[in-house]
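By written order: A, B, C and D. Residues from 1 in each chain.
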Amino acid sequence: MNEATLERGLNAFREQVDAPVAAFFSSCVSCGLCAEACLFYTETGDPKYTPIRKLEPLRRVWEQEYTLIGRVKKVLGLVEPVTDELLQEWQELLYDSCTMCARCSLVCPVGNDIAYMVRKAREGMVASGNSPTDVQAAAERAVRIGSPMGVRYKALAAQIQHIEADTGLVIPVDQVGADYMPLLSSMEVINFPEYIESLARIFQHAGLSWTLCSDAFEATNTGIQIGSSDIARELVQRIVDGAERLQVKYVIAPECGHAYTSIRWDGPDLIGRRFPFKVLHILELLDELRVSGRLKTEKPSAERITFHDPCSIGRKGGVIDSPRRLLGLVSSNFVEMKDHGTWNWCCGGGGGVSANTDAEALRTRVFRRKKDQIEETGASKLITACANCRLVIEEGLEAYNVELPMEGLTELVAHHLVED
Amino acid sequence: MNALKSIPVLVEAPATRDFCYQNTLPLLHEISHALRRLQQEQLPTTIDLNAIPFGPGDEQRLLEFLGRGEVSAHLEALGNSSVWESGYPGIWFIEHRNESGERVAFQMEITTLPAILATHPDDIAESLSSLQKALENPSLGHRIGD
Amino acid sequence: MNDAMDFLLWARGTAFDVALTIFIIGVIIRLFEILSLGRPRSLAEPKGNQLLPGMKSVISRTLPDNGTFKRQPLTVIAGYLFHIGLLISLLLFIPHIELFNATVGFGWPGLPNPIVDAATVIAITGLLAALWNRLTNPVMKLLSDKEDYLVWLLTFLPLLTGYLAYHRMIEPYPLALGLHILSIELLLILFPFTKLMHTFTLFLARWYNGAMSGFRGVQS
Amino acid sequence: MDTNTKTLGEALRRNGVTRRGFLKFCTATASMMALPPSMVPAIAAALEQARRPSVIWLSFQECTGCTESLSRSHAPSLENLIFDHISLDYHHTLQVASGEAAEAAREAAMHANEGAYLVVVDGSIPLGNPGYSTIAGFSNLQTLEETVAGAVAVIAVGTCASFGGLPKAYPNPTGAVSVSDIVTDKPVINVPGCPPIPMVITGVLAHYLTFGTLPELDHYGRPKAFYGTSIHDRCYRRPFYDKGRFAHTFDDEGARKGWCLYKLGCKGPMTYNACATAKWNQGTSWPVESGHGCIGCAEPDFWDAGGFYNALSVPTGEISRNASYAIAAGVGVGAIAAGINQRTRNKAVRQHAEVTIEDLEKR
């Protein structure tokens, strides 16, 4: 059996350095502007949270292993090595205080994609045994049980039964040859079953053939969050196997940020081949249905609502216009937050932070920015498209004693459907 | 070799009165400041024109610009010298030449009367005594210093 | 008696040759080091093009976003003052253009000296402001290591000596000019091995960032 | 010897010079010394009391161009008045005496004016082999050291005497050095130029004659009155430089219009001399006005300063050739560096041990 060691960590760092990483580190002039884009700095004022600084271990490996001058300096003893102590100290910076929201990647004047490098740095942290124990446990549950929250298919089946009984909708499972295979996040199974109901309602309304997959319903990927491609690959493989078994044309990512990243962008690279199916986010699918006229909705409501862009879907996933067009379909009083779309501020719980109890106090502290942003809009309801954002925001608002109902965009659309 | 011939060995003064690139314009401004000083504080100014980096034609343009006024004086001492007031009263030119006609100094004085024209008090005293001697003995002639 | 002239001749001759050679070899090594590491092609289905957004980012990152500007106006303004002043005085001063002409075989029109002089003052002011910022801004203070200060000095010296030489504030002039040239040679020699490399690599960095975003259909 | 005790004022009056004539003389002297007109009264007062000094002129490794320059002012002039008033006791180009008589005149002057005479030197002094240049059987070094011993000051006229000049140019076969390399215990005034402007030579003598002191000198021992400003700063073409208007060849439009000659190698910006105002040939013109850039002849090592026609900012080496070698070398070494990097990473990829949930936690 393997063991997490410093040497394995260093080797992982070495593996992760590619041309963009080398170009990024070569270009940084320590201007510190990335700090101004980072929730964890702006809300605490502590310079240790400056994004580029979180990459010091990776930077050292790059400098010492991949530059001539670094190698010379290393021989002369002029550089500081990457040690166990350094990695232990940096665990907080790379996990507790970074949601990989990539806002810093957007402001860097020299163009450094810092979030890209944080994701890579986490590979080395995992391999050297410096990842948060809570996230480790979630990964263990994901691999052993099938879901980071320990949800088995039995639980989902029970929810399906409930919904079918309550609403008379049909939720197909394991139907070979269906067109669409939606994925869920365990949070939706446990906390927000209305999402499943909404899915059923929309698919029925649009007259599409769809199916859930009993051994590949979980969309979340703890491997991506903790930063291990090996674990991420195993989890993606399950979905690909399930989709191929059911021969679906489309796999639909749920309202979950990193799930979209893992299946849409990282998936093919993780398993080393292209998918025989297409991957769409549920909002992309809904927008396509809207365009093709298959969504018939009632008159837009006048309730003042605002929308929180999940980082992985918006800034990092390019799903920015679809939700707005859908919001226009159902609301005549939609207000944007001051910084929205590409420039949205993270809820503070992405990138595994919400699963990490070490980060809880800090996460609540930095949530203030999101809270202020929401309050500024004066909206009476907050819409989002990520179950994780939704949970984090609900907890955050509660901590700040703000009462504000929330809803997923898919549910909102489902509620506005009219049957003729 | 045609190209070589076309190189002007001496850059000819442009025919225009364009002061823009040369040192004449700033000099004229300096002169006008000096004139104001003379008017308001009775302070004369002397400018050594040899120390001004004139380009080709600059001096000519300056002289043409200022013109000649109503006073000219001729001086014979260690060669000829000319003193004249420009067209702008109070601006004087003093040009000293040596015995062989080479210019040894060229100055501009912004003053009521150039110092060199005024008679020195010692010369007046000597003049008086010489005149008296001459009156006593008219055959002695009239020149000082002889 | 002739030390200053000997020094200038050395700076313009041997020292310049050595510095330029180290600079060129060093920069090429650095670029090879970076590019040799490659970037795996993604197997995911692209949502957008890479080339155009990449190019766009190369240009658009020159402008700060509104939020950053409001939060750190000094960093942004000092950066602009310095970079614009430097580019003008480096690339549009006639003696410099003549040097490029002799090195690369072509030149371009320059600017009148008073403008270049003003640009130099702006660049120097920008650099001093940047240093003050680096010493007082808590984020920059924490981020900065010896190299950051070295790079600052290496950039500051040519501007300062150039200014002093142009205004004859060091005597004799050959010493002033020699010091100016020597300070540039120092800069050239250390350029490939310090953050000064960002002059070249930022184009790579911006392109990668823009291209990776463009691939996912996001504007960067 | 009578003239030695007479002041200039007395001498002038004896020659029938009037007060206006004297004032004119003082004005011309101020102009020649590049002093402001406000100095004229002080000059007049000083000249009244000035006494005639003895001057010994030594010529070493030189081309006689400096003497030629000085004697260009051949017509009776104010310069002549000054030379009338100094006692040029030894100058082997100009003096009538020759051979032993000439050397005797030098020794007599040195003896009679011990501690008070001026030594003017043109030419450099060879140290490589004393035989390269001798006068009356003595090496230049011997003559110089012996003559300077009793002098009050030395005026090094011309670039050879001031800085070594052409003889010292690479590879300096005679081991030529400047006067100030040898004379370190006496004031040395350098009047460089190849040749120096005649007015500058006489201006320095006039200063010593007038005030009995040495003029204020710059870093290179040159009188600041003449060498205080660069050719560039006093050049009438300077506005073209500032506006970026240049001649690119000697026969283009810019050359015809009299634009700046910087790009044709003008050394004006680094050359300190009075050419732009004193001009040459009785104020007729000067090199830049005639269409040729300054070659920097009043500066040390001007022969070796990178070519007369190369712009000042251009390095002296063969940059393009060196750059192409450097590029070739860079590609070579860069390829090796790239290979090392790829090997390092490939090795890391090969050594990758799969991360499983069993080994997430460090044990």
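Criterion: a residue touches a chain if its C-beta (ideal position, glycine included) is under 8 Å from a C-beta of that chain, and two chains touch if they have at least 3 such contacts.
Just so you know, these numbers come straight off a predicted model, no measurement behind them.
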Other chains in touch with both subunit B and subunit D: none
Most distant chain from subunit D by Cα centroid: A
Chain ID, smallest distance between chain and overall C-alpha centroids: C
Centre-of-Cα separation between subunit C and subunit A, whole angstrom: 38
Subunit A and subunit B: spacing of chain centres that average the CA atoms, whole Å: 90
Subunit C and subunit D: spacing of chain centres that average the CA atoms, whole Å: 38
Inter-centroid spacing, subunit C versus subunit B (mean Cα positions, whole Å): 56
Multi-partner residues of subunit A (at least 2 other chains): 17, 66, 68
Per-residue multi-chain contacts in subunit D, two or more chains: 243, 337, 341, 345
All chain pairs that touch each other: A-C, A-D, B-D, C-D
Subunit A - residues contacting subunit D, complex: 1-5, 8, 11-12, 14-15, 17, 65-66, 68, 126-131, 133, 136, 139-140, 143-144, 226, 228-231
Of subunit C, residues touching subunit D in the complex: 1-2, 4-6, 8-9, 12-14, 16-17, 20-21, 23-29, 31-33, 35-37, 94-96, 98-99, 101-105, 109-114, 168, 171-174, 177, 181
Touching residues (chain side subunit C, partner subunit A) in the complex: 29-30, 33-40, 42-45, 47-48, 57-58, 61-62, 64-65, 67-68, 71-72, 75-76, 79, 134, 137-145, 148, 151, 193, 195, 197-198, 201-202, 204-210, 212, 216-220
Residue ranges of subunit D touching subunit C (in the complex, touch as defined): 163-164, 178, 180-181, 218-221, 230, 233, 241-244, 246, 262-263, 269-270, 272, 299-301, 304-306, 310-317, 319-320, 322-323, 325-327, 329-331, 333-335, 337-339, 341-342, 345
In the complex, subunit D residues that touch subunit B: 16-21, 23-25, 27-28, 30-32, 34, 36-38, 75-78, 234-237, 239-240, 243, 250-251, 255-256, 258, 276-278, 282-283, 285, 289-291
